[in-house]
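Two complexes follow with subunit A in common, the first pairing it with subunit B and the second with subunit C.
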Partner chain A sequence: MKLELHKISVRELRFGETTKVAGGVLSINRDELKALLLEDSALSGVEFELAHPGDKTRIMPVKDAIEPRCKLDGPGEVFPGFVGPVETVGEGRTLVLSGLAVLTTGRLVAPQEGIVDMSGPGADYTPFSRTGNLVLVLTPREDVKLHEAERCCRQAGLTAAHYLASRCKTARADTVESYEFPPLREAMGAHPSLPKVGYVYMLQSQGLLHDTWVYGVDAKRILPTLISPTEIMDGAVISGNCVSACDKNNTYVHQNNPVIKALYGRHGKDLNFVGVIITNENVTLADKQRSSSYAIKLLKMLGAEAAVISEEGFGNPDADLVLNCVKAERAGIKTVLVTDEFAGANGASQSLADSCVEGTAVVTGGNANATIILPPMEKVIGDLSQADVIAGGFFGSKRPDGSLEVEIQAILGATNELGFNKLGAYTI
Partner chain B sequence: MAYKVIHYINQFFGGIGGEEMADRRPEVRGGAVGPGLAFNKALGGQAEIAATIICGDNYCVGHQEEVARLITDTVAQYQAEALVAGPAFNAGRYGMACGLAASSAEAAGLPSLTAMYRENPGLEVYKAGAYILPTTDNARGMGQAVPAMAAFLLKLLSGQKPGDAGTEGYFERGVRVNTFYPEVGAERAVTMLLKKIKGQDFKTEYRMPVFDRVTPRPGVRNLAQATIALVTSGGIVPKGNPDHIAASSARNYGAYEIGDLMDLTSDQFQTAHGGYDQTYANQDPDRVLPVDVLRQMEKEGKIGRLYHTYYSTVGNGTAVANARKWGEEIGARLKNEGVEAVILTST
Partner chain C sequence: MNHPLYGNFRPHQQPYRSLLLKSNPVAVQNSGGLERVVPDEHSLHLMEEALGLYGRVPVLSPDQAPPAYREDCALIDLELMRLPLDQAGWPV
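And then the complex of A and B:
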């Protein structure tokens, strides 16, 4: 499978009469986008806000972040099962508006939505302080129940992201990146002197409201399966998560999965990147055992001698991480685990809820319990009063001067477990 | 201008006396005393001992709060910028005192450190809260200890973030500190994996923890006579969450009387938990804390009675140290009350 990403760099967003991109500026026709989103009868209102890097703006609670993409050609359309038909994606050409994200906010879906500060100390912790953001402030209809509200907010973000890209199809790309995932027959024979390396990509599926979707299928209902990294780039995996903001994989980080990027970067030089296996993190022991056995079996079938295993979430999924690690290592497959930590505000507690001696190589996204003071901002998009109930905030976290004292757990993407950030931790 | 440092020492190194003076109350003297003179030399004019606190070891161990207060007061009085304690070598009570001094000063935001022998009991107690450098087991090692302590103190005073324990030479504190690495995590992971494949040395960013294992108690013999309590980490609290138990990383737990309630209803109870979908717990809190089922069993004579109070916290990213402490407290209280068994519900 071969996919070209045609990337147009966007550094500024504006509202305008026509949705188009020119000279690094994306103008957005609000009325057209609003009408499109309100076709979903579960939504009663949507407002738009813009936020750029350096703005004295706080956005909260943020549910998801999505990078605008659409197909230029090739089968299907991005976000299959949500925007595109359930047709296989990952081939042909895809347009990307890079440097840009759609953020969804509005009535709190659950206590687990995040904070994005566009400047100040909090900005260092979220990837979305470095993107120009179109913020959708969404109001589901009053009679719409919680799970339906989550669905319509999730859909609105994907629809808007696709809409923006699809109005820019005639613009010239600044850069073209090409990714190829050969048929197994070729992949197995390629680079015989290099180690075959796989990627076990764990998807949050603890449900309810802890859901990831694969081609429109709830990931808790899948068996682990092989997927082309190019399908991931086309949005085959999207987030429906309302877990703690710091380490949920929002749709944007799925689209730009850094493990896939890093493995491609060394492919043919230091290693032979032979495949991506998506697996889930269900809550019952039988599911955990079945999925970990099946995922590692797929690694063995690929002849992988080593694998990166990335987690999503914390606590209960630590058990899935450990099972995957133990089963891979016992099968002779060397592993590196990518996780994050809940070591307490003072950093002195155990960081994980499960452990194994086989886990000798761990990369961490940092201690999510570390606290930070976020100074007041000139503008707040969303609802500041939610700080007390957001996971990572605690009662008293909103201070009289408008500043917030929170754990970095509350910051969107702060301790990302795909290894999206530079943040990590060490032991003193 | 040299940085001003407070030095904490015991009665022996303060020249007051040996064991017979170990109950001596603390005193503060301006300038350096005893080993402080060697510190001043090793600090090379960049920092100097502004005052010395001399305290009997027994007194310090028996009056920890008072001594900690004296330390912060002395720091304020001399406008000191750092504290050094000891070194304590293998003197057990002195090690405890030095650990207390260094950790109190650090908690007050001051660069601080002490030093002691690896088997000093003060090490285990205070290593998480203070930088502790290694020394020999007796005072003959003073000549090595002081320059090492002085150098590390100057590093802390300069505002440099110390590296890990292996690099800097202090006893590992077991405390995780966030840092920004030059590369993103995914690149670090692939680099580490390639080293692991090749059999080269690599350094994990986190050593997997070792857990406590709890041996299960034997079953309750006579359930029909037993008082059973409910304890949950599922966050069930009276409506309004009166103790403000946080949605994640809880800092407290609550004890709530249920009296003769037969059933938890949505108008009186809710969950405070932020780690799961609250819908179904809020609709019927018995789903997390099964008061209704236990009342039924009580009626049927299957259990003696349901204890009148339940304990609740939110188990969501909660620090293990907190969980352990609360578990011990709750267990002790229930045992005192004659509760024979506890049903723990989680989510």
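And then the complex of A and C:
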């Protein structure tokens, strides 16, 4: 499977008469987009806001972030099962509006994520302070049930992202990136002197507001499976995860998975990147046992000698992470785990809800319990009162002057477990 | 049957926590040939880890949460219990 990403750099967003991109400026016809989104009868209202890096703007609570993409050619369309038909994607050419994100906000339930500050100390902890953002402020109809309200908000973000990209098909790309995933027969025989490395990509799948979708299928209902990294780039995996902002994988993060990018970068140099296995994180113990055994079986079938295993979420997914690690290691497959920590405000408590002696190589996205005071912002898009109940906030988070005292758990992407962030650390 | 730490909420954020237990005793024989019943070790381990967490952090009780927040948390708790209840033969 071969995919080209044709990237158009966007540095500024404006509202205008026609949706188009020129000279790095994306103009958006908001009436046209609004009419498109309100074709979904479950929505009663949509408003739009723009937020650029450096703005004194806070956006909360944020549900999802999506990078605008559309197919230029090749089978199917991006976001299969939601925008595109359920045809397999990941081949041909895909247009990307780079430097831009669609963010969705709106109230579903009280305890939700997440905060994006476009400037100030909080901006360092979210990658979306560095994108130009079209913010959709969504209002589901009052009479729709929560499942339908979540669906329509999720759909609106994907529809808007596809709309923006599809209106820019005639624009010339600034850069083209090419990715190839050969048939397994070739992959197994290529680079015989290099270790075969697989990637076990864990997806949040606990229930409403904690879900991920694969080709339109609820990830709770899948068995672990092989998937081409190029399918991920075409939006085959999208987020329905609306809680715990710090370590959820937004759709944008799935589209730009840095683990996949890093493995591609080293493929043929010091490793042979043999495949991606997506697996879920169901809450029942039987499903955890089934999925971990099946995922590691697939790794063995690939002949993997090592595997990177990335988690999404915390708490019970830590048990999935440990099961995947233990079973891989006992099968002779060396593992590197990528996770985050809930180690208490001082970092001294046990970081994960489960552990194993086999887990000797672990990369952390950071301690989500570290606290931060976010100064008041001139503009708030969304609902500031949610800070009291936002995951990572607590009652009294919102101060009289409009500042927020929260754990970095509340900030979108602060401890992302794919490493999709700008912060890092090293040992001196 | 379900992991005690389901959901992405911590003890001070979610006042409701439901646990589905199944009686499925495992009988093992000791060296003397006598049978005894033991709990599933993995389940016990996960419950002990979860209890350890609850012992270290603040816990939100329902009466401490505003009514609207309480109702939303109850709804989320139900939603996250759907799959375990369905697998137990008690679909919601």
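As a working rule, the second predicted complex is superposed on the first by the 418 of 428 C-alpha atoms of A that agree within 3 Å, B and C clash if a C-alpha of one lies under 4 Å from a C-alpha of the other, contacts with A are read in each partner's own complex, and residues count from 1 in each chain.
Everything that follows uses one rule, which is that contacts are C-beta pairs under 8 Å (C-beta built on N, C-alpha and C of every residue); 3 or more make two chains touch, one makes a residue touch a chain.
Worth saying up front: this structure is predicted, and the values here are computed from it rather than measured.
Colleague: Given the alignment on subunit A, is it a clash or a fit between subunit B and subunit C?
Modeller: clash
Colleague: When the two structures are overlaid on chain A, which partner does A:R154 contact: first (subunit B), second (subunit C), both, or neither?
Modeller: neither
Colleague: Based on the superposed arrangement, let me know which partner A:T360 touches: subunit B (first), subunit C (second), both, or neither?
Modeller: The answer is first: A:T360 touches subunit B but not subunit C.
Colleague: Can you tell me whether subunit B or subunit C touches more residues on subunit A?
Modeller: B
Colleague: Tell me the contact category for A:G315 with respect to subunit B and subunit C: first, second, both or neither.
Modeller: After superposing on A, A:G315 lies in contact with both subunit B and subunit C.
Colleague: Check the residue A:A343 against both partner chains and state whether it touches subunit B (first), subunit C (second), both, or neither.
Modeller: first
Colleague: Just to be sure I read the superposition right, which of the two partners does A:L146 touch: subunit B = first, subunit C = second, or both, or neither?
Modeller: both
Colleague: Which partner chains sit in contact with A:K288 here, subunit B, subunit C, both or neither? Use first/second/both/neither.
Modeller: After superposition on chain A, A:K288 lies in contact with subunit C alone.
Colleague: Looking at the overlay, does A:A425 come into contact with subunit B only (first), subunit C only (second), both, or neither?
Modeller: first
Colleague: Check the residue A:S244 against both partner chains and state whether it touches subunit B (first), subunit C (second), both, or neither.
Modeller: Both subunit B and subunit C are touched by A:S244.
Colleague: Between subunit B (first) and subunit C (second), which, if any, makes contact with A:H210: first, second, both or neither?
Modeller: both
Colleague: Among 279-287, 297-305 or 333-341, indicate the stretch of subunit B whose C-alpha atoms run into subunit C.
Modeller: 279-287
Colleague: Hey, what residues of subunit A end up touching subunit B and subunit C alike?
Modeller: In the superposed arrangement, which is not itself an observed complex, subunit A uses residues 110-111, 146, 206-210, 243-244, 314-315, 342, 344, 349-350, 389, 391, 394-395 for both subunit B and subunit C.
Colleague: Which residues of subunit B touch subunit A in the complex?
Modeller: 128, 131, 162, 164-165, 170, 172-190, 192-194, 196-197, 202, 204-211, 244, 246-249, 251, 274-280, 316-317, 319-322
Colleague: Please output the residues of subunit A touching subunit C within their complex, sorted ascending.
Modeller: Those residues of subunit A that touch subunit C are 109-111, 146, 204, 206-210, 220, 241, 243-244, 248, 282-288, 313-316, 318-319, 342, 344, 349-350, 353-354, 389, 391, 394-395.
Colleague: For a test of understanding, state which residues of subunit C touch subunit A in their complex under the given definition.
Modeller: Interface residues on the subunit C side: 1-10, 12-14, 42-43, 45-46, 49-50, 52-53, 56-57, 64, 66, 68-69, 72-73, 75-76, 79-84, 87.
Colleague: Per the contact definition, I'd like the list of subunit A residues that touch subunit B in the complex.
Modeller: 110-112, 124, 146-147, 195, 197, 206-210, 242-244, 258-259, 261-263, 265-266, 270-271, 305-308, 310, 314-315, 334-336, 338-339, 341-352, 355-357, 359-370, 389-396, 407-409, 416-428
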